[in-house]
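Please find one structure pasted underneath; my questions will follow.
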C-alpha cells in the first residue's frame, strides 16, 4: 500500500482545494493519520473507496475524541545576544558566549471535537488508512459530515458518537441516540461531563468517592 | 338381556361390557383367569344389583376406571417426559421432590404430586377484558372432548368401554371438536397475540385432520368394519405360523402408520409441530392468559389427546391387544396394549427431545403437499392390495413388490419436491 | 322415552333461540354449534349412529370453524351496520316471509299422526349402509363427491389467485 | 432420502439416553449441596491478609499499609488507614483494612501488585449475608488468616512465596551483618542504629513475577 | 421511547439486501400492520435486547433494534483507570470470550508502547484464543438450535463441552469466565505440563464431539428447512456494513485477520479458512462448525511446538505503566469478528481515549436488512446466527 504522503498527493491532485494535512503519530505504533477538511470529506471518502489502487471498502472503526482547551507550557530556548560590551573590545578577554535562557511560554490551544475513521481494504487486504475530521471549536452545535452513505458500517458507530459526544452528522440517514435513552439530555463521553449526583453510600469511601461522600454526609460514616 | 333398541344404542356401554354383543360370541375368549380378571372384579362389584341397575353400575365403573387410569398415566407421563428429556441431555431430570411428609428422596416419583399442588395453589388470573364464560369453558370443553375419544379404544380382549359399530368415526368426531375449544381459548383471552396464535394452531389442527383421517381409511377398508374391536380381531392371525398379521407389517400399513404417526404428532401439538406454545414466538400462544388450574387442565387435555391418538395408532396398526408371538398369548391382552401404548408414548417423547420446530408455512406445506397426497396414494395401494388378495403362491412376493413400489415411488418424489433447494452443502476453503 | 326426546328438542330449540338473541356474535355462533350438537343427539336417539357421528364430525368439527372464521375475518363491529330505515314495505315483506315459514312448519307438525308408537327401529350396521350407498344411491354419492371437489378446487384457485396480488415469499 | 437426517438425530439422542446410565462422560450433573466440585489450586475468589504467627493474628500481619493495592484496585473497594502510635509516628501496620466484598470482583490485581505478599486470594464462594454493608464489609479481623491456611489453599504458590521471603530475610540479615561488622571496627563513625529494614521503595519496579504455581 | 422514525430510505449508492423490495412495496402504510415489540425480556433475545417488529400478516416489514440496556459507559471507565486496571474490565465486554478480549487489549497496548512479547507467551496466547473460539462457536450452535425450539438438547451437549474448556481456564487463570490473564508483554502465569496435557486430551476428544453434534444437527431436514434460505446476506452489503468474522466468511468474502494481519505467531501454523456460498443462516452455522475443526488443527500444532522460555517479558512494566504520548489501533480475529482497541495516550497512567471496536455491535447494523420479508420465527434465528453478546454491544 502506498504511504500516507503519496495518498495525500494523489488526493490533492484529485481535489485541489481540499484541506489535507498528515498528522504524525508520535508513539511507536507508526500509524499516522490524514486530517480531512469537512467540506470535501464525503467525496474524498468515496474516492478512497472506489480508487482501484486503494479499494478501502471496509470502515472498521469510527471513534469520537473530545480534545478540551489546553494550556501548553513550552520551554523555549532563546539565545540572548551578549550585552553591548561596555568596555572596548579587548581581544584578550574570553569571547562573551551568547547567553541561552529558557522561557516558559504559556500557549492556549483551542479545543475541538474529532472523529477518527480506520479504513481497511478487504479486496486488497491492506490498511489501515486513518482519516480524521475535526470541528472548528467545541461550541455545541458541532456537526461533521457523515460517511454512512459511503460505508454502511458507520451507521451505528456514528450514531454512538452522536449519542456520547453530541456531534451531529449531516447526511446520516437515521441519526438518533443508540445507547442512552432518547430523553437523555447530556453527552456522557465529553471531558467536561458532570456526572449526575446519584451517589450511593459505600462503606469504603476514599479518593474521589470520599469527596462525594462528604457532600452527602458531613462527617464520613463512623470514621473507624 | 336385550334392551329396548334406542337405549342400547344411546347407552351401548352396558351392552358392550355385558359381553352380550354379537362379537363376543364369535371370538374364542381365552379363558385364562388373568384374562378375565377385570371382568370378574367388575362382576364382584355389581353382581348383586338387579339387571336394570347393573348396566348403569357397569358403565359408571368403566368411566371411573378410564378416568383414574388415564389421569394417573398423565401424572406419570409428565414425570417420564422430564426424566427422558433429562437423560437425553445427560442430566438426571427431577429427583428432588420429597413425599409430602417424609423427606425421603423418591427419584422424582413425588414430582407429579408437587406439580399438582403447585397448579392448584397458583392464582387463577383472568384478564378483565376477557370473556369470562368462554375463558372458563374452553379448558373444560377441550378436556371433555379428549376424554370422549378414550371411550372407543379396545384396551383388552373384552375391555372396550363403548363397543360401537362406527367407533372409529366416533373417535374422530370427538377429536374434531377440540378445535372449537382451542378457538374459544384464543378468542376469550382478548389478547392480540393469543388470537393470532389460536389462528395458527387452528390452521395446524385442521390441515393435519385430513391426513389423520385418510391414513385410517385403508385400515377400515382392509378390516371391513369401522368397529375398533373388529379391526383388532382381524389382526389376530399369524403368517407362517409365528409372524403376527398386524397391519403395520404390510407396505400400505407401514405408510399409513407413518402418516398417522406424523399427523398425530401435529394433532396433539407435540415436538416438531409445537408451534402454538413456541416460546420463541408468541410466548404461550393461546394459553398465554391462563394460569393455575385452568392451565393444568389444558396440559392434561393435551396428554389425554396424545394418549388417545397413540391408543388409536396401536389399535389400528400395531394389532391392539394382540400378542406379537403365538406362544406369548398367555400374557393377558391388556398388558400387551399397555406395553405398546407406553412404547409409542416413549417415541413421542424421544422425538420431542431431538427435533427443532417447523415454521407455520412449512408445517402446512408438509401437510398439504406431502402427507395428504401420500395418504391418497396409500389408499390406492390398499385397493390394489385387497383386490389381489387371492393371488397364487409365486405372485404373492410380486404383489408385495408392486405395493411397496406404489408407495416408495411417490414417497421419494414428494420428498424431493418438498425439500427442493435444501440439502447438505460442501464448503470451499480460501486459497 | 319421550322425556329424552323432549329435553333434547328443548335444548336444541333453546340453543337456536338464544343464539339469535345474543348480542355477542361469537357467543351466538357457539350456541349455533351447540344446536347442531343437539341435532346429532337426535340422530343418536333415533338409533342412526353413523349419521350422528358424521354430523358431529362435519358440523361441530368443520362447519363451526368456517362460521367462526367468517365471523372473525369480516368487520362486524356495532357501528358499521348501517341500519336501513324501517319503511312500511319492508315490514310487510318481513311479516309475509315469516308467516309463510311458520305455516309450513305448523302444517308439517299437524300432518303427522300424533303419539304413534315409533316403528321398530331397523338396526342397521355400517356395512349395510355402505352397500346401500354404493348400490342404489351411488348416483347421489357421486354427485355429492363432484360438488365437494369443485368446492375444494374453487378454494384452491381463490387462495392461489390471492397469492399473485402480494407475493408470498421473497422472489 | 427425506428423513435420514432425522433418523441420525434420533440415533444420537438415543446413544446419549443409554449412555447417561453407564458412561460418566454422558452424565455430568453434580448435585451441588451434597457433592461439591473440587476446586483447582489456582481458583481465586476474594482476597485475605496473611499473618505469620497464629498467636497474634493482627500483630504479625505482613501488610505494612503501603496502600499500593488501594490505589491499584480497579473498583477501589479497599480502604486502609495506617496505624500511628501516640506520638503520631507511623507504624508499619494497618489500623483499618476493609475490603467491600460486594464491590470486589476478585480480579487478583491487588495480589499481583503487593510487594510484600501480604494479600492472597481465598477460595470460599458461599457468601450469603442478610446485610449488604455490615455483612459484606470484611474488616481486618475477618480478613486476617494464617500462612498455614495459605499453604492449604495454594500449596505450590505458598511454598514459592515462603522460599522467596526466607531468601529476602537472609539477604537483609547478611546486609545488616555486613553493615554491623565494619561498624564494629571503626567505632567512631558509628552507623546509626540499624533501623528497621527500610521499606523497599513503594514503586517497586516490575511486580515480583509470581513464581509459576502448579495447578 | 419516541416512535421509530419513518423507514430509513437508504441512499441508492449502498448495496441492498434481497428483502429490500419488501420495504419499497409497503411504504404506504395501509392500516392492518401489527407492531410487535420482541424483548427486552423475550426468552430468545440473547440478553437484554429489543426488536420493534412491524408485521404485515406473518411477514416482517420493518425491524428496529433497540438496545443500550446494559450500557455502563465502559469507555469512560477506561479513561478514569490505569491501563492495568482496565484489563479485568475487558473480561466483561464479551463475557463469553474473556481471553480474546484480554489479548486484543494487550496487543493494542503493546503496539502503543512498542512492547515486545516472548515466544512462549505468543504460543500460549494462540492456544487460549483457539480454545475460546471453540467455546464460543459451540455456544452459538447450541443457542441457534435452542431458538429453533430443540427443547435444550443441542444446548446441553454444547454446554457439556464448554464446561470442560472453562475448567481448563479455571485451573490456569483462577476464574472460569473472568480470566484477566494477559498482561502487556506476555501472560500472567506459565501453564504447567499437567495443564498442557489436559488441553491435549480435550483437543483429541473434541473431534468426536463435533462429529456427534453434526450428526444430530447438520443433516437434520427440519434444521435445513428452518435455516437454509433465511436471513440471506450478500457479500457487497456485508463488506459495506463492516460485518466481520464467521458472518462475513459465510457470504464468501475471504477476510480472516489471522491470515490478513498475521498477528501473534499465526503465520507459523497452516490452517484453512472456510468460506460459505449462500450467506444464509445455515452457512453461518456450518462455517462456525468448520472453523472449530480448523481451530483443533491449530491447537494441535501449537501444543506440539510450544517453546520454553519466559512467559512475561522481563522488561515489561504493568504497574505504573506510562506509555509515551501517541495512539494505536490493535485488532485481532475474535470468535465473533474483528475486536479492536483504539488507544490515545498522553503520557499519563490513564489512557486519554480508550475505544473498543466491538464486532457484535457492528454486525447488528444489517439485522433489519436480513429480516425483511421473513417471518417472526426467522427473525429470532437470524438474530441468533449473528451471535451477539449484549455486554459488548452496549459497552
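Order of writing sets the labels: A, B, C, D and E. Residues in every chain begin at 1.
Going forward, a residue touches a chain if its C-beta (ideal position, glycine included) is under 8 Å from a C-beta of that chain, and two chains touch if they have at least 3 such contacts.
Treat the numbers as computed from the prediction; the structure is a model and nothing was measured.
Undergrad: Which other chains touch chain A while also touching chain D?
TA: E
Undergrad: Of the pairs B-C and A-E, which shows more C-beta pairs in contact?
TA: Of B-C and A-E, it is A-E that has more C-beta pairs in contact.
Undergrad: Grab the C-alpha centre of each chain and report whichever is closest to the global C-alpha centre.
TA: E
Undergrad: Going by average Cα coordinates, which chain is farthest removed from chain C?
TA: Centre of mass proxy via C-alpha means gives D as farthest from chain C.
Undergrad: Most remote chain relative to chain B, going by C-alpha centroids?
TA: Between chain B and the rest, the longest centre separation is with A.
Undergrad: Taking each chain's centre as the mean position of its Cα atoms, how many Å separate chain A from chain E?
TA: One centre to the other, that is 29 Å.
Undergrad: Nearest whole angstrom, what separates the Cα centre of chain D from the Cα centre of chain E?
TA: Measuring from centre to centre gives 33 Å for this pair.
Undergrad: Please work out the Cα centroid separation of chain A and chain C, and write it as a whole number of Å.
TA: Averaging C-alpha atoms per chain gives centres 80 Å apart.
Undergrad: Could you work out how far the Cα centre of chain C sits from that of chain E, in whole Å?
TA: 61
Undergrad: Which positions in chain B touch two or more other chains at once?
TA: Answer for chain B, listing residues that touch two or more other chains: 88-91, 353-355, 361, 419.
Undergrad: If we count contacts the way the header does, which residues on chain B are in touch with chain E in the complex?
TA: Contact set of chain B toward chain E: 85, 88-91, 192-193, 196, 271-272, 274, 278-282, 352-362, 419, 421-425, 427-431.
Undergrad: Which residues of chain E touch chain D in the complex?
TA: So the residues of chain E in touch with chain D come to 81-82, 84-89, 91, 153, 157, 160, 163, 167, 170-175, 178, 180, 188-190, 192, 194-195, 212, 215-217, 219-224, 311-312, 314-320.
Undergrad: Across the complex, what residues on chain D touch chain E?
TA: 2-6, 8-9, 11-13, 15-16, 28, 40-44, 68, 72-74, 105-109, 112-113, 121, 203, 205-207, 209-210, 212-215
Undergrad: In the complex formed with chain D, which residues of chain A make contact?
TA: 201-207, 209, 224
Undergrad: In the complex, go through chain B and note every residue touching chain D.
TA: 84, 87-92, 350-351, 353-355, 411-412, 415-416, 418-419
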